[in-house]
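Structures are listed in the sections that come next.
Shared between the two complexes below is subunit A, which has subunit B as its partner in the first and subunit C in the second.
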Partner chain A sequence: MEGIPTQSTRRAPSRFFRFFTGDRGLALALLLPSLLLVAALVLVPLIYTLILSFQSATVNVIGGRGQLVGHWVGLRNYIHLLTNSYFLSGLRATLYFFAASILIELTIGILMAHLLNLEFRGRTLVRALVFIPWAIPTIVNATLWGMIFNGNAYGALNGLLPRLGLGNGHTVWLDTTPVWPHVPLLGPFFQWIGMSRGMNALIIGDEWKTLPIVAFLVLAGLQTIPKDYYEAATIDGATPWQRFRYITLPLLGPILSIVLILRTMQLVRAFTIFYTLEATNIPVLSISAYQQAFSFGYFGRGSAVAFIIGLISLFFAWIYIRWLYREEVA
Partner chain B sequence: MDEKKEGLNRREFLKLAGVAAGAVALGGTLGETLAQSSKATKQLSVLYMNQAGYTTQVVTEMAKQFMSLYPDIRINLTFLPYPQMHDAITTSVAASTATYHVVLADLIWTAEFIDHGYVIPLNPYITPEEKQGIYQAIWNGLEYKGKIASFPFLANFQNFYYNREHLRRAGFEAGPRTIDEWVHQMEVIKSKGIVKYPYEDSWTQAEGLVCDYVRMAGMFGNGNLFEGGEPVMNRGPQLKALEFMVMLMQKGLANPASIEADEPTAARAFASGEASFNTNWTFVTGIMNDPKQSKIIGQGVVSTFPIVPGTNPKTHSASISGFQGIAIPANTPKELIPAAIQWIRFAASPKIQAEHLHSQWPVWKSVANSPAERRINPWWQVYQENLEAVYNRPKVPDYLHVSAIIQRYVHQALQGNLSPKSAADQMVQELKALGG
Partner chain C sequence: MNRRARFWAGLGIALMLIWTLAPLYWLVTMSLKTEAASHSVPVELIPHHITLENFLQMFQQYSSGSVSYRFFHALRNGLIQALSTVLISLFFGTLAGWVLARYRIPGRNLLNLVFLGSNLLPTIALVMPFYIIVVDYLAPLKLYGTNLLLILMYVSFTLGFAVWIMRGYFESIPVELEEAAIIDGTSKLGALARISLPLAVPGLIATALLVFLLSWDNFLLPLIFAPNPTGYNMTFFIYSLNGQYLHQDNQVAAAGVIASIPPTLIVLLFGRYIVSGLTAGSVKG
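So, the complex of A and B:
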């Protein structure tokens, strides 16, 4: 009989079992539906895309049943892309679009937030008006700017400027020819980074829509900073720049990191405004991913581009978190 | 002791009434659903495109007519813009069972769809009468290696449009018959200041650019970009066409905005009177005479294309095809194929096409030559000539990749980043590397 546990001498629940009981168990049970959804809608496609990016995958119909058939090619898709000059020019164009946009958002966005944070008559109305562009759907915004930048004389900007005594009314605003191509050093550099009048026009169109959300998020951050800090700094003789540098900027760190991560992800995968206004004239990464997968039928290569987009976003997110965290501690 | 009351109290009555009302409503809904499903035993999911001519409204009406004729088939329509059509079809084909059982297919997908087995070849279903009754030029576009990918539905092709009033003011009685005449007319129009840029075309980096390049090559004598499976853009008429397009840009005869314009944009430039010439799809005929969209009512003329003398001896013109057909994806369940064929026959029938002559040129010869068409379309003869003169874009399975390469280098040449020869050489080199 020895060794056979009786009712009273049965062993206590294992640590594994205990992990799922009590408050923790309840928390896990409540989290489970969300975790399952995230797994089904995010993790599974993510892993599938990763696997596809190492395959040569095409659509096949066998016996009346369609399927995506792939065979393992290792890093070949990535090597093909990263040694292709056209893809690399698209990568540089993406980075230029991202860097120029972020720069605008960090400067004008913060400035707008400061202005909206001031007390003046009609502030609520101004805040509401400033927010309107964000409410416009991306495709509508793109079409709107397409009408403004139309290169014909009937284009909105080409129609307006000559009336103000500016321009000849025949400027091709969306021209993707590099800026100042014949200027030594500068011309080739602009060409290399993918800077063109068309690209700059797209940045303006995109920023018009997205600046308000950046400004409002920063405004929310500004409102959490106690006014006492500024008063104390002013008494101590701090200049406006010093107040901004040593109070505002560090305390905006957490909100700025959110804004930067959010906008980086959006900018690196920006598609609608490019496709609507430039078709495939500017081969940014999202256009490249779309073309490779859905136009050319190279689903493996398209997945590889999608992963490169993800890795770039991740890399910048890591930099932001690291940099802004340090800033906050300092 | 509780005394049981006879009959129903107010609460019980309300409960019962609610249950009864719910049962009636549920019964009615179920009954209706069952009645519908008992009528329509086959559900056909059909993918169409948002476009002019056969608009969503027209096709929806067509489906209603069909369902009243064939109550056992239900047509579920989905409409998408052109750029999304290929992706939607490909992803539907990638599924084990088709999302779309019938799809509208552009002719440029013909080789891909047949080569990869995406669609069912329609040869066994097509009668000799149908084969003879439809223009051979259209069949040529929708056939690959003897297999018919789709049934002809839409006869789209390009026409040469010019503004009669602009030409009259420049001192010309008629439109150009040769390329030299055309250039001369443009130069005179420009020098007299009638318009700043006499010509506008859709040369943004998209499919429309390849259409215009192929047609231009055709106007120089040969619109085939591949010969014997090899790309030939860096010699002969194909190279001359590119040089000509670049020359038009350099001399300011073509609007610089062309490099960012799509077909509707170029059409609007013509209809606004900003351009004297436009080479575009048949929809421009409607726009130029629509008071809501046009400032040149009565001034627009539809013509054959100017060509290099001695070329295109049979047709004396050179156009580009943009036909569309109706196809059945290969993963459509077998039991739905007869219904799909029935729908195709109905939608593309001469009867239906004859009802829409105002908006679309028919695929059927009998309808195109009918008194009704002649009455409605004063340019019907020109249409016939241009239709007979179409060139097709390369029929290769990886056409969309081939097209992207062509678009890129032609666009680079038009922007002045590369010389025409250099662009054509690089284009050929890249296409050869692709295996095109």
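So, the complex of A and C:
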């Protein structure tokens, strides 16, 4: 995977591509179709979502045609949500899902990248195989893990584990009751953050599909780091951890920021695996928004939830960009 | 590497392979099991009897409402939607990406952000306004349940992505090459077509593949906008097999294997393009 441009090529504007003095007609003609499409398909609907989130809006649909009925309620949708324990538990569950997944990706993902970067026989084949799960469509991944975590005795895990001398073969893996409910402090805390056996099972299933792309992006980053750096550090007596901490990690900064931003957005808006395997049992934010709008018909509240998802994603993106680019400069 | 390090590396690689292959093994063997074997106790870790019946069912007995009827509609719709989305996003995304890479347009940082943001937006935030627009304001157009509607919605989040990747690629191609061609008498558009575009082929491939994967993979949009059997695409077809009263895991697995073949081939053949495409935009996103 050579030739990955990771360095910005900032140069003086070319004399042929000056916007003000040159022919701006061409530039505008090529740019406008995309701008119009994004305006029509993203910006207008997004502003509409914002407006809806300040309304008490319902849609009555009969035979594919519908009518929006709505009136202005100010911040009441947001106030309703932020004082609603069901919504707040879903918010915490989303944050737990996000934090646990990111933690796995940053540890196991980086570890996998290092393993794939070693030189060993059959490396090409191993790399190809490890990449496959990322190609499996999300819905197939969800139904596959539904078969693995099936609570009946014919579920894959329930069939396999007893043969290895583990478990009783009747575990309901997707059960959403809290783990360790009777352990003091820890039990209530796990319940509060929305950690349950089912939630952890979904995290594992989701990571099976996403770890490969994290590992391969990090691997691409590792391949751009010159080997001399490590040799020089080794001669100076740096431990493997020091080499990782002071060479690898800082130089992976730009790649990690891409990984973190892309993955955070995907995790905060995760829908398919929850909807397929847990229906509405774990009301993470996307499920909550879907439920408000398409089960209860509250399009106003649903839009407010959608906007909260967007704000959370933006907040994290902002943190990553500040933190990682500062680290790179320092 | 010393012997101990080699041991740990070997163990790590072995664990990584087991973790990767075990679920795949389950999916493939499940798709080859009979219905009785799919929920037999004890579980058949190695199928005693291999059958292709689950696959054949998708190609036989074509009649309204049958599995094969829904499968073919889903396959056709899925391909139409994904390929159209690729064409639209790739064409407009390439042109816009080139302009953003070359011209110093006022507010180009903001434009970059808008294009990147349109990809990162939560899908659910666009679903609600789209739904209202489609069933209320634009109801006479009868867009609900059509391929056109889904293509437009896929474009909404893939176009920005295409612009972002292509801009990154064009920025990595020296502008001097185009300038030389212009001095030799080529138009600017000619310089793009004859000089930069051939050099950006890896970027074009990466963009096309990523857009295809994103459109092929989406579930939320067909769930809301194409819930009738003739409007199914592959993701929704698989979901529909997994019904409340029918737990035919072997049938679901066979459909899953078929839906996984196009993206798996893409990843195996062009994985390196995809990775470099995703990192191309990291030139100060």
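Everything that follows uses one rule, which is that the second predicted complex is superposed on the first by the 299 of 330 C-alpha atoms of A that agree within 3 Å, B and C clash if a C-alpha of one lies under 4 Å from a C-alpha of the other, contacts with A are read in each partner's own complex, and residues count from 1 in each chain.
Methods note: a residue touches a chain if its C-beta (ideal position, glycine included) is under 8 Å from a C-beta of that chain, and two chains touch if they have at least 3 such contacts.
Only a predicted model underlies this, so the values are computations on that prediction, with no experimental measurement involved.
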| item | value |
| --- | --- |
| Fit or clash - subunit C, subunit B, common subunit A | clash |
| Partner chain in contact with A:K227 - subunit B first, subunit C second, else both or neither | neither |
| Touched partner set for A:S295, first subunit B, second subunit C, both or neither | first |
| Contacts of A:L174 with subunit B and subunit C, given as first, second, both or neither | first |
| A:T58 touches, of subunit B and subunit C: first, second, both or neither? | first |
| Which of subunit B and subunit C A:L30 touches, first, second, both or neither | second |
| First, second, both or neither for A:G151, with subunit B first and subunit C second | first |
| Partner chain(s) touched by A:Q67 [first = subunit B, second = subunit C, both, neither] | both |
| Which of subunit B and subunit C A:T280 touches, first, second, both or neither | first |
| Dominant toucher of subunit A (residue count), subunit B or subunit C | C |
| Overlapping segment of subunit B (options 55-63, 127-135 or 199-207) - the one that collides with subunit C in the superposed model | 55-63 |
| Where subunit A meets both subunit C and subunit B, residue numbers | 59, 61, 64-68, 150, 152-155, 275, 294 |
| Subunit A-facing residues of subunit C, complex | 9, 12-13, 16-17, 19-21, 23-24, 26-27, 30, 38-43, 45, 92-93, 95-96, 98-100, 102-106, 111, 114-115, 118, 120-133, 135-136, 139, 142, 144-145, 152-153, 155-157, 159-160, 163, 168-169, 171-172, 174-175, 178-179, 182, 188-189, 202, 213, 216-217, 219-220, 223-224, 234-236, 238-239, 242, 249, 252-253, 256, 259-260, 263-264, 266-268, 271-272, 275-276, 278-285 |
| Subunit C contact footprint on subunit A (complex, rising order) | 1, 3-9, 11, 13-19, 22-24, 26-27, 30-31, 33-35, 37-38, 41-46, 48-49, 52, 57, 59, 61, 64-68, 111-112, 115, 118, 120, 126-140, 143-148, 150, 152-156, 158-160, 163, 208, 212-213, 216-217, 219-221, 254-255, 257-258, 261-262, 265, 268-269, 271-272, 275-276, 286, 289-290, 293-294, 299, 302-303, 305-307, 309-310, 313, 317, 321 |
| List of subunit A residues in touch with subunit B within their complex | 58-61, 64-68, 86, 150-155, 170, 172, 174-178, 181, 198, 275, 278-281, 291, 294-297 |
| Subunit A-facing residues of subunit B, complex | 83, 86-87, 90-98, 112, 116-118, 196-197, 200, 204-206, 255-257, 259-262, 265, 268-269, 272, 274, 329-334, 398, 400-401, 404, 407-408, 411, 415-417 |
